[in-house]
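Going in written order, the chains are labelled A, B, C and D, and every chain counts its residues from 1.
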C-alpha cells in the first residue's frame, strides 16, 4: 500500500554475486524511494561496494533483478544505466586528475549529448557548458574551476566527485563513502551538500561515519557478510540488538 | 595534459620544411630513408589515435597497414591513386570494423591478445592462401599519379608525397582531438570505468576510434606500397605492430606528434645500429629497454 | 622533430662515412677511391637461414681470394647487409646497398621473398644481380632480366629430376608433401613434370603452412592415398622433423620416401637412422669426382673449418659468374648487356660439374640422384642430365 | 578410419601441449594482471634446455625435471626482478618490455647455442611405434607425451580445485583484489604463480623438443595459439584453458588436413565465434 503511495525509483530483488567460491553479495532486496536517503552500513568486506557496482551496472549480478522507475535494467550495461539516470560516485578518488575541475564535469555533461561529435571543437558547445557550470555551482567549486583536479584539496576533490555525478543529471545517486579520508573540517561542506541532495534526489549512501548516516538517512540497511542483517529507520537500527552485536558494537 | 599535447607545432613545421628541402641537398638514398621514416610515422600516428588517444594497445594494426598495401595489388595494375587511396582506407576500415567489433568485446590484456590473434589471421590470409600472390610477396604496379614519374624523380616525388600525406593526417588528427569525440577518448584513456559510469558509450567511442585508426593505418600501408612497389605478408606480421608501439613510446604517449619523433628516432637508431653490428635484434631490444626504463615521457616530453 | 631530422641526416651521413672508412681499412690496400668495386652481399646473417648466408659469403670470399681480391681488374670490396630473411625490410636493405654503399653489383639471397626486392631493383636499375640460392622460378621466368642471374637452381629442377628418376624405376603413382608456399608449389610442379616425362603421374599434393613442423596430420593421410612412393620438399628443421616423423609413423617400409635434395641436405646427422636409404635429387652431392670439387672442398675446409655444402658451392659459383661477366667488361658493372653475353657464353667450372647458363639465366645442370648413407648424400647416378628450367614466360628486354 | 583416429590422437596431443603453455598464461594474467608476450620464448627456452641436457647427458628424461626446476627458478627470478616492478605500468610498457625480452632471449639463444635447427632424439625406450588401425602407426613417445600432459593437467586441477592455496589462486584470478581481502601474502602468490607458469611452459617446450626439433623462433606460433586458448577459455580459468586448448588443438589439426590453406584462419574464426557468443570466454562467468 505504501508502495503505491510512494513508488520506488530503484528496486532491487534478490541480488547476489559471488567471486570464485566467495559470496560478496547475497539475496539483497530493497527499494529506493524519491527524496529519501537510504544508507547502507556494515563492516569492511560486507559487500557494500559490490552492491553499488551491481546497482550501477559495473558488475552483473549472478541472480536477482534491478528495476529503475518500473523498468527492468538488469541487462543494461553500466553506461546505459547512467544515461537512464543512475549516477554513482567512487570510494577512491576516481577523477581525471590532470584535467581541470571544469573539464572533469564537462566530460560528464558531454555524455548527455547524443552522437559523438566528430566535428567541431568541444568548447563551442553551449549546452554542455551550462550543465558543467551548474554542477560546479551546486557543489561550490566555481572558484577552482580552472584548477587541475589533481591540485585540489582532498575535500574539494570529494566535492568534485559529486559534481561529476550531478553534471550528467541523474535521478538516482549512488554514493560510495563520499567522506572517505576527510578530516572533521573538510567533512562539513560535503555533509551539507549531501543533506541538500537528499531532499531533492533519490540516494543510496554507503558511509562509515555513523553520525552522518543517522543525520541524513531516512532508511538504514545493515549488511554483514554480503547479507542484509537489518533494515529500517535510523531509530530502529540504533535500537536493534542484532545490529549492535554484529556491527556497531565492534566500532565503539 | 591528459589529452594529447600539441606543443611543438613550430618545430614540426620547421622539420617538415627541412624534409621538403631535401631534394635540393640530399642524396637519393637519404630521401628514400626519409620516405620510409615518414611512412613509419604515418603508421605509428594512426595507432597513436588509439594508444595515446584512447589508451588501447592494439597488435592488429600491422594487419590494417598490410591490407592497405595489398589493396594496391588486389586492384590490379594501372589504377589511379584517386581510386587506390580510398579503396585502401575503405578495405582497412571495413576490416577494422569487423575486428574492432569483436576485439572490443574484451578489455585489457584480452583486447591485446585478441587483436594479436586477429592481426595474425590477416597475416595468415596473405601468407597461406593465394589471395595476395603468396608467401614470398609480389611486385606491384604503382598506382598512377596525375603525371608520369620518371625513375630518377621517384625519390623526390615520393618524399614530398609522403610528407604531404603525413602532414594532412597529422592536421586531421589534431583537429579531431579537439572535438567532443577527442575529449571523450582522452577520458577513456585516463579512466574508462568513470567514463562508463558517467554514461558515455565507451564501446561505441572505442570502436569509432579503432575504425578511424585502422583506415589511417591502411593509408600508411598504401603509401608504403606506392613507394616500394613491393608487398609481402611480413608487412602484416605482429612484430611490426610492436614496432609502431615502440615508436609511440619512444616519441611519447602524451603528445600527438610523439610517434613522428619516435619513427624518425627509430629509423636513425636502426641506421646507426646497422653500421655498428649485424645483430639487429640486440639493437632493437636495447632501444626498447632504454625507452621503457629511461624515457618515461618519450622524446616529446623530454624538452618540456 | 626538426632537430631530430637534421640530426638524423647528419649522423646518417656520419655513420656512412664511418662505415665506409672501416670497410676501406678492411679491404685490400686501397689504390684510389674510383678503382674499388663494391659488391653488395645481401644475405641472412641472423635467424633461421644464418648458416646458409655465412656459407655463401665465405665461399664467395674464397673465390675472390683466388682472384687476388680483384674482378675485372678492379679491387673488390664486399659490403655485407643482413637481410634477416624479412621481405618487408628488403626494399630498404636494397636501397641501402645501392644508395648509401654505392654497390655496383649485388649478390643475394636465400629467402625467396627477399630476393624479389633484389630482382626488382636489378631490373629497374640494371644492376647485375647473382642469386646464390633462392629458387623461386619467377626470377628466371616471368621476371627474367638481362641483369639477373642465378648460380643455384630453380625449385622446379631438383624435383623434376626426382620425378624422372622415380618414373624410370617403374613407379606409377606418387604423392608430394610440402609447405604451402611458392617453393613448395613450384617443386610440386617439377615433380609432376618429371613423373610425366616417364609416363607416371602425381596423384596428390599435401601441404601445411610454412614453416610449421606438425606433420602428423599429413602423415596420417598417406597410407590411404594408394600411391607407390612419396616425394617431398622440405628444408632445415622441417626436413629433419619430417624424415623422423615419417619413420616413426612406420611409413618408411611401406612407402619409400624421396625428395628434392634439400630434404637431406645439411641435416643428415640430425635425422640419423631415419634418413638412411632416402633417395633425393640435387645439383650437388657427396662423392662427385672432379678436380675442381676436390680443390674447392679442401680450400673451403681450410678457410672455414667446415665441410663444403651445396650453399657454399652456389656462393662460390656466384663469384665465378660475376667475375666472368666483369672480366668481359674490364670491371665496368654498368655494361649489363656485355656482362650478360659473357656469362651466357661461358662454361662455369663448378665443383658440382661444369654448367652453362640458359637463355633465362638459370644454370643448365646435371641433377644428381643421391642416397643417404652413413651421414652422406652419396651420388648414385644421374637423375636428369643437363637439365634446364623451362624458363616459361621469360622475355629478355 | 585409422587415419581419422590418428588425427584425433594428433589433435589431442597437440591440444594438451597447448594446455601446458596456456594454463600458466591464464593464471599469470588473472592473478598478477601482467601480460607476457615472451611466454612463447619460455617454451623455446625449455626446448633448447632439453636439447642441451639431452646432448650433455645422453638422457632425455633428465631434461623434464631440469625444465621444471629451471622454470621455477627462472620464473621466480623474472617475477622478482622484472615483472613485479612492471605490474603497475601501463599495458604499452608491459607489451614492449616483454617484446624486448623476446628479442633478447632470441639473441641470447643465438649467442649461447646457434641459429641452427637441432633435432632432439626421442628417448630410446620409446623409440618405437604402436600400430593403429588402417596401416598407420603412432609413435610411442607421442603417446607418452599425451599421458604426461594429462597427468600434469590432472595434478593442476587437483591443486587448484582442492588445496587452500589453489582456492586463493582461483579467487585471485577472478578478482585480483581478493588476494588482499583474503589476507594472503600477495607477493608470495605472485611469485608462485609466475614461477609455475614458467615451469609449465618450459616443460611443454622440453616435451615438444623431440616432436618438432628446436629452432629459432619456435615459440612464436605457440604464443599466438596460447593467447587464443586463453581468450576462448576465459579469464583465469584452468578448466577453460583445458577445454579451449583441446578445441584449438583439434581444429588446428583437422583444419590442416581438410583445409590446409585455412588452418591458421580457422582457429581465429573459432575465437571470433566465441567472442560473439560469450565475450569473456567459454568458461568464465558473466
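The criterion applied here is as follows: a residue touches a chain if its C-beta (ideal position, glycine included) is under 8 Å from a C-beta of that chain, and two chains touch if they have at least 3 such contacts.
Bear in mind the structure is a predicted one, so any value in this text is a computation, not a measurement.
Hopping across touching chains, the smallest step count from chain C to chain D is 1. Note: centroid distance chain A to chain B, computed from Cα atoms, is 42 Å.
Inter-chain centre distance (chain B to chain D, centres taken as mean C-alpha positions): 32 Å. Chain B and chain C have Cα centroids separated by 35 Å. Our note on geometry: chain A versus chain C, Cα centroid distance of 71 Å, whole angstroms.
The set of chain C residues touching two or more other chains comprises 46, 180, 209. Within chain B, contacts with two or more other chains are made by residues 124, 127-128, 279, 281.
Residues of chain D in contact with two or more other chains: 110, 260-261, 263-264. You'll find the chains touch as A-B, A-D, B-C, B-D, C-D. Within the complex, the chain C residues that touch chain B are 1-9, 11-13, 15-16, 18-19, 45-46, 80-82, 84, 86-92, 95-96, 98-100, 112-113, 116-117, 120, 124-125, 136, 143, 180-182, 185, 209-210.
Residues 46-48, 50-51, 180, 206-209, 212-214, 216-221, 223-224, 236-237, 240-241, 244-245, 248-251, 254, 267, 270-272 of chain C are the ones that touch chain D when the two sit in their complex.
For chain D in complex with chain B, the touching residues are 29, 33, 35, 37, 90-93, 95-97, 99-100, 103-104, 106-107, 110, 224, 227-228, 230-231, 235, 260-265, 268-269, 271-272, 275-276, 279-280. Residue ranges on chain D touching chain A, taken from their complex, read 167, 170-171, 173-175, 178, 181, 285-286. Those residues of chain A whose C-beta lies close enough to touch chain B in the complex are 56, 58, 77-80, 82-83, 87-88, 90, 94-99, 103, 106-108, 110-113, 116-123, 125, 128, 164, 168.
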